[in-house]
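After this come two complexes, each holding subunit A, first together with subunit B and then together with subunit C.
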Partner chain A sequence: MRKFLTPRIVTWLHRANPVAKLTLVLVAFFITLFSHSLDFVFYQAIIYILLLFVLSGHAPWKVLLIILPFLLVFISSSSTMILFGKGDHLWWEWGLIRISEESFYRGIHIGFKSVSFAAEGLLFVLTTPSVALFYALMQKGKLPPKYAYSFMASIRLLPMVWEEYEIRRNALRIRGVRASRGIRSWYTQIKLYAVPLLSQSIRRAHRVAVAMETKAFDGKRPRTYYYPSTFSRYDLLVIIILSGAVGIAYIAALEYPLFGIFDVRYR
Partner chain B sequence: MQEQVIQKKGRGLKLSDLLVTILISIVLGVVYHFWGSVYNLFSPLFPQADEIVYGMWFLAPTLVFLLIRKPGVALIAEIAAAHVAILFGSEWGIQLVMYGVLQGLGAELVFAAFRYRKFSGAVAALAGIGAAVGSLIPDIYYGYVADYETWLLIAKYAMRALSSAVIAGYLAFALAKAVEATGVTNLLRPVADKDYAALND
Partner chain C sequence: MITDTVAEVRDLRLKFPGETSFVFKDLSFSVRRGEKMLLLGPSGSGKSTLLQVLSGIIPNLIEVPMRCAEKILPPSWGLLFQDPDTQFCMPYVDEELAFVLENLAVPQSEMSQRMKEVLEKVGLQLGELHVPIDSLSQGMKQRLALASVLLSNPEVLFLDEPSALLDPEGRKQIWKSVQAIAENRTLIIVEHRIEEIIGFVDKVVLFNPDGQIVGQGHPHDVFRIFRRELQEYGIWYPGVWKDFLSSPDGQTLSESVKPASVEEISSIPHLVLSAFRGMRYGGTAIEVDHAEVYPGDFIAITGPNGAGKSSLLLSLMGLLAAEGTYILRETRMDKLKNRKRKFEMAAHEIGFVFQNPEFQFIADQVSEEIIFSLREEGLTAEEVSTKVAEILVQFGLQGLEYRHPYQLSLGQKRRLSVAGAAVLKKPLLLLDEPTFGQDAVNTFAILKFCEEMRSQGMAIMMVTHEEMIADTVATHRWEISEGRLVSQQVTKRGRNRDNMNLIERVEGSFST
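Let's turn to the complex of A and B:
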């Protein structure tokens, strides 16, 4: 998986500072969230997917593979609204299902929104290692080090929790603990696993935290960083690219409206 | 002695609180991630049947708060749990973090309303419902749920509230009680005055 997700080339987006990228992606996210024009959202989805091809640094077939689940995202987020949304121009009715023109367009609007979100998120995730993000947040985003190091340490501790889960499973198996059926046994199962895993995680996390506190990871004093995080001209380039993308989507929606629906909300 | 007491009462979360909060939440975040398939299992039963298990996604704030009992951990817990989706490169990642912030805030506000002093199952259930209310806000802007047929809207959120009260409330409470019995929570919980009094005896 790690090898699969190693980019083929390093693009501008990889070189940009994670904090700048995060801010931009959040701005893009909120623009998408609050746009109610179907055409605008449709063009945003298209352009962010195009940007994924150009800026993710992966081979096109890989990007295709990565964006394949977008179809599922589209269907699962749009279906309920299509089937059960409010609307006056009825197309089809069967029992509780009531598909109208308005609910249909609102449904696919939500679908395109989800796809835009997915593409925006992947633009960030595929080009930013999580350690780089937390170092940047500490140095450029004024995040207290105790938060950043807690996150980074927890991520590293996660495999140990998995290991403990396996130990627990084997221990229960070797003692012949069998799962019976029904909702009650479900609850005992949860207890059999959750309690030891939770208490062990608390113990382990506490031990690690005490060790980290003695090494001044809690940021009570000024500290230096192994990876310095800086802003560069690539941040500017990325700002230009992303605002250009939104601008193009906006103009395209005005000039070539595919659906001609400016507000999908019910009245 | 007196000096130490004052130092210990210093406000804010320590690194150990944070690390425990975030580790538990990330573990729960992994559960959240796979809970999606349980959710999908319920979907075909009847419209919005999946809401019955929705409360699982509010487990982190209530469980972590009941374990650690400090202000702020509920919000951090839900954000940390939601951030796992980004870690796993999920297509839903960025929305889920937005949902996480608001859900965590919903639960946090309920605990704050009780001045962080009540740790009962009922309060946890209320906090679960608070998280459900938090999840309603993005639903309105993102999912336009206000434009669902009215019966569906009511059914959907009634089921979600019920599910959060049961799973994020009472289940979290039962789990916290069980974990409490092992004694690990004493590592983290704020020290009460009577504990200091016990030292002087």
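Let's turn to the complex of A and C:
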């Protein structure tokens, strides 16, 4: 998994400071959130996906694979609004289901919004190693080290839980524990897995915590940092790229409107 | 004299909440500067707890009610723990070392240099610093843990069973490193396996099960004077195997195996493997050119960690995909296309004991564990309860019927996991390092059970790092290296019986 998520090339976006990147991505989030123009949101989704291909540093087939679930995101988030939303120009009605022109456009509007959110998030996640993020948050974001290191330590523990899950599954099969149907059996199944996995994880977390504290991790003196976190010209570049992206999407929506709906809200 | 003491407690009383008995009752204990001290005692005698009290972890980090008349904590100390996987918080070697240097407020420009120095001190050559910790062997991880402890240059070093979870190679590595950095430091060591340590400690302190000091002094004197106690507590000590093998129980485990009657050994093998390959994560995890296992065989499977020993057991169980010939009790397993069917077939003939007993437990009570194993035998309630009682006595678990399996001691858990797998007397029993981390008594107890089952015609296949088991107790020794079964030897014990088998097989071929 770690190998799969190691980028092929390092782009500007990787070099930018994670805190700067996080702030910018949050701004982009809010711009998307408060866009009511269907065309604007549509072009945002397109351009962020394009940016993913160009700036994530991963091979195109990998990006395609990663954004494949976007289809599911689109369908699931738009369908409720399409099927049940309010509207005056009725297209089709059957029982509770009521599809109108307005609800349809509002539905795909929400669909494109969700895809934009996902793409913006991925743009950040795919280009930011967790260690770099926490180092930046400690130095530039005033995050107390005890939280930062707790997070980093727990990330290390996750694969061990998965390994133990597999061992437990094998052990249960060997002992001949068979899953039967019904809520009661569902409950026993959960118990069969949760008890050993949780007890191991809690003990392990406790041991890691004690080991960390014995190494003078007490917050009593100022820290130095192995990876100094600084702002650089790459942050400026990222600002330019992201605001450029939003600008292009906005202009495209004005110049080449596909739907011509400037406000999808129902009044 | 006062200035010479680096750590001390006087009249220490300590009790874990919810327990009825004290771990320590009025214990006085002191450590002088420069001593290299080994704490010995049966499991549960509180040695690790004492380390935590002397370092101040109890009660500063872990709150446990305790009281003492006087306490001296070392001016600077470091602690090396048992589990190599739970001492790190960062994914890479340099980042992990940096964590300590950051805590000590070492300037960033000096960090790389300090890291290189300390890695050299513990003898860990990696080529570069930015190496994933997961890519290191367990022994190397433990050396890295030692390196990170040394970064603060502690005067007193506490070592809490640092080699208990390592293979023999890793064990050698870590103790070599400890020895290399021991100069000018005080060492306080808790460890079960003491072959590698005994050369450089100058004092041994022996505890009894109640957390009292029985005796202390130079290793030679302690091992000579307190031999009876050491045996009674079931502690590993130099010569423990020799003593055990000359005891009545031990003798049956080492004398060469002769089948009582010719009928008892059948010439039909329980297991035949040929051009066999077990696959894991899309690659070959274990390869066996040819191997056979006969009733009454005790096969020790040895080899370094990660060589493919567990993969062999899992692929025999049908839990890993496999290729090549695999005949289990005259069934062509490789001809079974349905994986589920294959696994059920294997589970019907093979008992399996996992490395960590807790993962195997499914019931809330000890007796329920055994009852669960028996559920498909078609026994009456009465038969089940006599059988359970019988098994619990055999495995030394009587009186614990209603205890939750998680509340058993380490040794009891291990015995229960073997009992659960052995009660059905399936023809083959696979055990994955069942003596790992166990004290001497428990190791011998497990061997005794295995021997009983072996003498009844079961075949035992045991993954082990224990040389004495592989050479003396087993009838055959298989060695696995880099995903291949590279050698199959008949031990001294197995030689006789292999000849008998051979005669049988030859006679069989005449009669057909």
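Heads up, the rule we're going with is that the second predicted complex is superposed on the first by the 239 of 267 C-alpha atoms of A that agree within 3 Å, B and C clash if a C-alpha of one lies under 4 Å from a C-alpha of the other, contacts with A are read in each partner's own complex, and residues count from 1 in each chain.
We take it that a residue touches a chain if its C-beta (ideal position, glycine included) is under 8 Å from a C-beta of that chain, and two chains touch if they have at least 3 such contacts.
Since the model is a prediction, treat every value here as computed from it, not as a measurement.
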item	value
Which superposed partner A:Ala153 touches (first subunit B, second subunit C, both, neither)	both
First, second, both or neither for A:Pro18, with subunit B first and subunit C second	neither
First, second, both or neither for A:Phe217, with subunit B first and subunit C second	both
Partner chain in contact with A:Gly111 - subunit B first, subunit C second, else both or neither	neither
First (subunit B), second (subunit C), both or neither touched by A:Tyr225	second
Partner chain in contact with A:Ser199 - subunit B first, subunit C second, else both or neither	both
Touching partner for A:Val208 - first (subunit B), second (subunit C), both, neither	both
Broader residue contact with subunit A after superposition on the shared chain, subunit B or subunit C	B
Shared contact residues on subunit A - subunit B and subunit C	149, 153, 155, 195, 199, 204, 208, 210, 212-213, 217-218
Of subunit C, residues touching subunit A in the complex	55, 57, 61-62, 78-79, 81, 83, 85-91, 94-95, 98-108, 111, 132, 148-149, 152, 314, 317, 319, 343, 347, 352, 354, 356, 358-362, 372-373, 376, 406, 420
Complex interface listing, subunit B residues touching subunit A	13-16, 18-27, 30, 47-48, 67, 76, 80, 83, 86-87, 89-95, 98, 138, 141-144, 146-149, 152, 171, 175, 178-179, 182, 184-185, 187-188
Touch list for subunit A against partner subunit B, complex	5, 25, 29, 33-34, 69-70, 73, 77, 80-81, 83-86, 96, 98, 102-103, 106, 109-110, 113-114, 117-118, 120-122, 124-126, 130, 146-147, 149-151, 153-155, 157-158, 161, 190-191, 194-195, 197-199, 201-206, 208-210, 212-213, 217-218, 264-266
Touching residues (chain side subunit A, partner subunit C) in the complex	2, 131, 149, 152-153, 155-156, 160, 164, 167-168, 170-177, 192, 195-196, 199-200, 204, 207-208, 210-218, 221-228
